[in-house]
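Two complexes come next, and they have one chain in common, subunit A, joined by subunit B in the first and subunit C in the second.
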Partner chain A sequence: MNDKKKINLRQASVPIMFIIICIFCIPLSGLSPKMLINEIITRMGRNAFLILSLLIPIMAGMGLNFGMTLGAMAAEIALILVCDWQIVGVPGMVLAAIISVPISVLLGIFCGKILNRAKGREMITSYIMAFFINGIYQIVVLYLMGKVIPIKHSSIKLPRGYGIRNTVSLLSMRQKLDNMLAINVAGVKIPLLTFIIIAIMCLVIVWFRRTKLGQDMRAVGQDMEVARDAGINVERTRIISIVISTVLAGFGMIIYLQNMGNIATYTAHSQIGMFCIAALLVGGASVDKASIGNVFLGVVLFHTMFIVAPRAGAYITGDSMIGEYFRVFVSYAVITVALIMYETNKRKAKSAASMKLKEAQDEE
Partner chain B sequence: MDRNSAPLLTMQGIKKDFFGNQVLEDINLELRPGEVLGLCGENGAGKSTLMKILFGAADIAETGGYEGDIFLDGQKVSFQTPFEAIAAGIGMVHQEFSLIPGFDATENILLNREPEKHNYVSEIFGDRLNTLDRSEMDTRAKNAIEKMGVEIDRHMMINTMPVGHKQFTEIARELSKEQLRLLILDEPTAVLTEREAASLLDSIRGMSERGISVIFITHRLQEVLSVCDTVAVMRDGVLVECVPAAETSVAAITKSMVGRSVGTSQKREIKNSDGAKTILKIDRLWVDMPGETVRDVSLEVKEGEILGIGGLAGQGKLGIPNGVMGLYEAGGTVEFDGKVIPLGSPRECLDSSFAFVSEDRRGVGLLLDESLEWNVAFPAMQIQNKFLKKYLGGLIKWRDEKAIREVTEKYINELQIKCTSSKQRAKELSGGNQQKVCLAKAFALEPKLLFVSEPTRGIDVGAKALVLDALRKFNRENGVTVVMVSSELEELRMTCDRIAIVSGGRISGILPADSSTEEFGTMMLSGVV
Partner chain C sequence: MKDKIMDSLREFGLPRLIITGFLVLLLIMAPFVGADLPTQISNIINRFSWNGILVLAMVPMVHSGCGLNFGLPLGIISGLLGATISIEMGFTGGMSFVVAILVATPFALVFGALYGWLLNKIKGGEMMIATYVGFSSVSLMCMMWLVLPYHSPNMVWGLAGKGLRTTISLEGYFDQALASIARIEIGNISIPTGTLIFFAILAFAIWAFLHTKTGTAMTAVGSNPVFAKAAGINVDRIRMLSVVMSTWLAAIGILVYEQGFGFIQLYMAPFYMALPAVSAILIGGASVNKASIMNVIVGTILFQGIVTMTPTVMNNMIHMDMSEVIRIIASMGMILFALTRKTEASR
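So, the complex of A and B:
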């Protein structure tokens, strides 16, 4: 029993560290509670869906899927097309979601197949692969769009006649989802529809865990060899988990971008994977275990720090760049620390098993 | 069991060779419904290979299949995969657990055979999105556990279970398969406590009454006699005996297990080192080596002798040298020549002039992509600064290529290593020659004490004799103390002066090498866990 508590405390150490940082920074930032809560609610609606997309590959034992960037790129391509076709508002978003699915599925299958050849090194492989696919994305957006894929509107095209501008305005969709059914509680705007969608997604994940496929993924995630011996198609199951994650990341990216109101064509996706993974880890998840609770705790803590740190930094040093630097630094540090802790815990567990042998001998 | 009923399983003239190395010769076996067959034999006798053939294991087909016929219910069968064997009603519980650690017993019992419920989503996206029928799973698991007759908590997580319950979970999984008619149990009692083992034997009797045939592989002969109808003994790939259990005894089985035809072990001098000083003293050693756990081993090695360490696989004999050399986590004290050697530090061991020839030839033993010269000279160069030319008062050290070539060629001649030149890469050599390179490497260190682990594993007869001769010669001529670990009792008896037998992670006794095989056999089986 005591052992169990100790392990829980160790797992909780990252969230606790962040709670302390937040408590320290909030008063320094000078933000009013209302503003702070408003910001946190907005960011939760913006990001939670994206982070939820990470849960299924973790269940299948594939670690933190940096390949979610692939889904984000699929969503961006879909949104650019829908933007050009001038389909506005929520219908435009639904259409973009539909268009993004086949692209996400294709990229997901490709990613899954490669990760099957790199078992045990999924994280670094998917991370590097995201760079590779980013190159292909740039060819599509910078060259093919306008040359091969017809783009009518010059407002999103580069002046030379092909390629997409650095920023594509999504004014026609901006916060359309968030504003639908939005309610105002004591001056805090709550985007109810977005939250309903996120809640439905959570229910789907809970339901998914109880399906045959979910059970197979958990089995594959814990021991591939045993699962294979039991007749589960391990490779296929792993590919499906990545495809689901990529498709969901695409939907998440659409929700994210409608909130932002514009697409930074060449950079929007590049940081997304890193920040989502950092947020999930801040929420107390590890490489092999993550829950819906981790997602929400992580979103709140990570973004609170994101909001208050630059201001607190500006207050202390008089330079807002320091705070900006601090939050980027922290998100990388979190990932590093979480990965190191994961390895140490594994080693400690092994060493504890050896000690038992010694104790058994001493008792005799 | 009905002696007159038609046999459930008939194996006729089963032969199998791995690349010309005959491991099974003409095995004939019959099993009736409800019969319990005890299969005994030393490690390497061919028990596992025979069961793999029956169960359709992948490595049998990959190595060219087998000869002979297997009939199940009078129908000729030849399983290409375990799944075909399972469909035909054969179940097998392996020595290693095949369980998902984070699942409870119920989930493991019904792994990938879960009862499912349809829903709207699965109508569209396929059956894998059916939800699991938890209550039906629970009922089925409960029935399977009841069938087994041993009570286990079906909601307990596997990783919190005692090993015995894991074993029972595996058996329950086989029993939950409706079509099961023949169950193969590969050393199921190895991990059980005495009480658990007794309840397992009860449950085997229960299965037999229900008409399920059981093939029971074990080293605990008492269990064989108490539960089996028939006892089959294998030795060196031959079925030497197949008699009703009522007509045999532990002594008789032991004898046919280890006894070899007279005349194989020639007379030779055995050195008596009783008077010599103790060079290595191991006290209360424990080693956490997976599958070869050592518990509380105390052992003294005399200067100048060859000490053999024997015993069945998995009993801990390999753990002893690996633990002393610091390759696995270990505790206890090791004293060499009056000096205490810290555990967990291979460098200290090498500095105290130990050398170790690992059983993991390709992993630990060799630099596979490097030349023979490098392989032979590398440790000596690294540890003892041999084969180096010093310049500027030792500030710069260069490899002495000429000395390296000379020493390598010396060992190539002495050990008759078959190679194109001393520059050939180690991975291009055959297993036997690789083993000789490993020995040469250890010899080049000129150690005072040499650990050799499984020196003849996987090499052919000619190379075997040469390797053993080289070891003996190295010992007798250079006065180096040798500790040799091997699964083959016969080769220990041919090479060593004294032989310690390890059983259940402990030393069960030390005998002079010329003691009878029966004595060794009894000792090997005494404390088996």
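So, the complex of A and C:
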């Protein structure tokens, strides 16, 4: 019982630290409450879906899926194509989502297969995987698009005739999803439809946990050997969890980009994994345990810090760059601390288990 | 017989085979597409001399079973601190290089010790945490470069009078400090003898160290920690030592890199510096828990060869600069391959 409390306190320590940072920085930033709430709501709609995509691999015991970037890249390719076909607004987004699915599934299967060969070091492998696929993505977007894959409109092509420009404007889709059904509460714009989609996703995840497949994944996450003895196809289950995560990350990226209004073709996906993972961890999740509550708490706290830190930094030191670097540092530090806590806990649990085993043997 | 060939092929690894083949192809193609071979070779030798020690910094940690040192930026930061403080103190010319090494050393030892202590707490998850320790330290130093009281007019922003610039020219300081020693010039080929000798000395020192009693203990810890512990080796201490050595080598490595390159790069520059070094040693034939000096030399030559050859040869051949993409795919593919090897994964 006491142990459980200790673990809870430990998990709560990161959110508490962030609440303190936010309380300290908000007055210094000089933002009005209305502006701040507006920003937080916008960023919540933008990022929550992406972060939800991380939950399933954690459930399957594969840690933080740095390979979610793969889904983001699939979504970008789909959006570029849809943009070229000039299908606008929400239908365009739906079409992009449909196109992104096969690409995400293929990438997910590839990633899952590789991760199965690197059990015990999934995170570093998925991290390197994101870089590797980024290389492939560049080949596709920079060299194949316009040469092999037909791109009609020169507005998104590089002047040399093939390859995509550094930024692709999504003006025709910009905030179309957010503005549909948006309501205004005391000057705060709430993108209701986006939130409904996010809520449905949450329900789907809750439902998924109860299905046979969801239970299998949890069993695999607990102990691969036991799960295998119980007749679960461990490899297949793990691949499915990565595929689901990749597909969801693709959808999340489409929501993210429609809110931003343009695609930074070569950089939009590069940081997305890191920020989503940091946000999830700030919400109190750990490498082997994360809930939907963590996602929302994390989005609010992490993005509040993100909004106010540069301004507060500028106010304190007179240099706006310090705040910029500070928030980057905090994102990395949070991930580092969470990883360290996870590994030390794992070691402790392991040594506790072996102690128990020893005691039992002594008694015999 | 056929099995034997297949076995050795599997041991060598398909990615490595492709990369080596690719480089050989580039070398053969070079004269046909009008690239000047001596210049290319000179480039490769030069870049080898810049990067060799950074790659060498992987060896101790791989030997002690700490895996690939993705935390290389931590050592690089020690080196950067050494370089900037040496310039701040007003040293010039070759002396500034010596002082930079002297100043960087205590930083590297302290950071390395802390880093080693941390890695001892989290055995088994070293590589991921090393990556993020590197990242956090780089982003922390980003703030520090702005805040620390540097005043040398050659390093700080001209207008504000404080905060270090993103790139600092080493002209008048230790630019070419090693490379200019006994430089050999034959036609288009220029060989930085001094840097190569410096690398050779360090490489030999590491090789010799690995054959001392402590060095053998290090290898034992890496190949079988349980056995090593039973043999009375203090596993934690040996691992710590290897991490400190790696960090120190990284600090020296970046200084040597800078003296060849001619500039100090600060802020986000060290961020991804670990990845080329990691892939270089892997291309050279190392694995997650096995690496030799030979792997370092071969790997650096192969990797730098590809980096320097692809832009010129590919540009002349298909008028398309795909070098960046090829570099990413080759190096990341190599790391992925090494991470998925079954033999090491089960360890």
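We adopt the following convention: the second predicted complex is superposed on the first by the 346 of 364 C-alpha atoms of A that agree within 3 Å, B and C clash if a C-alpha of one lies under 4 Å from a C-alpha of the other, contacts with A are read in each partner's own complex, and residues count from 1 in each chain.
Operating definition for what follows: a residue touches a chain if its C-beta (ideal position, glycine included) is under 8 Å from a C-beta of that chain, and two chains touch if they have at least 3 such contacts.
Everything numeric in this text was worked out from a predicted model, so none of it was measured.
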With the two complexes superposed on chain A, say which partner A:I139 touches: subunit B (first), subunit C (second), both, or neither.
-> second
Report for A:L339: first if it touches subunit B alone, second if subunit C alone, otherwise both or neither.
-> second
What is the contact status of A:S32 with respect to subunit B (first) and subunit C (second): first, second, both, or neither?
-> neither
Answer with first, second, both or neither: which of subunit B and subunit C does A:A227 touch in the superposed model?
-> first
Partner chain in contact with A:S351 - subunit B first, subunit C second, else both or neither = first
The answer to whether subunit B or subunit C touches more of subunit A is C
Which partner does A:I322 reach: the first (subunit B), the second (subunit C), both, or neither?
-> second
The subunit C residues in contact with subunit A across the complex are 70, 118, 121-125, 127-129, 131-133, 135-136, 139-140, 142-143, 146-147, 163, 275, 320, 322, 324-325, 328-329, 332-333, 335-336, 339-340, 342, 345
Residues of subunit A touching subunit C in the complex | 114, 117-121, 123-125, 127-129, 131-132, 134-136, 138-139, 142-143, 317, 319, 321-322, 325-326, 328-329, 332-333, 335-336, 339-340, 342-344, 346-347
Mind listing the subunit A positions that touch subunit B in their complex?
-> 207, 210-213, 215-216, 218-219, 222-223, 225-227, 229-232, 351, 353-354, 357-358, 360-361, 364
Write out the stretch or stretches of subunit B touching subunit A in their complex.
-> 82-83, 98-103, 107, 111-114, 116, 122, 127-132, 284, 286, 288, 293, 295-296, 329, 331
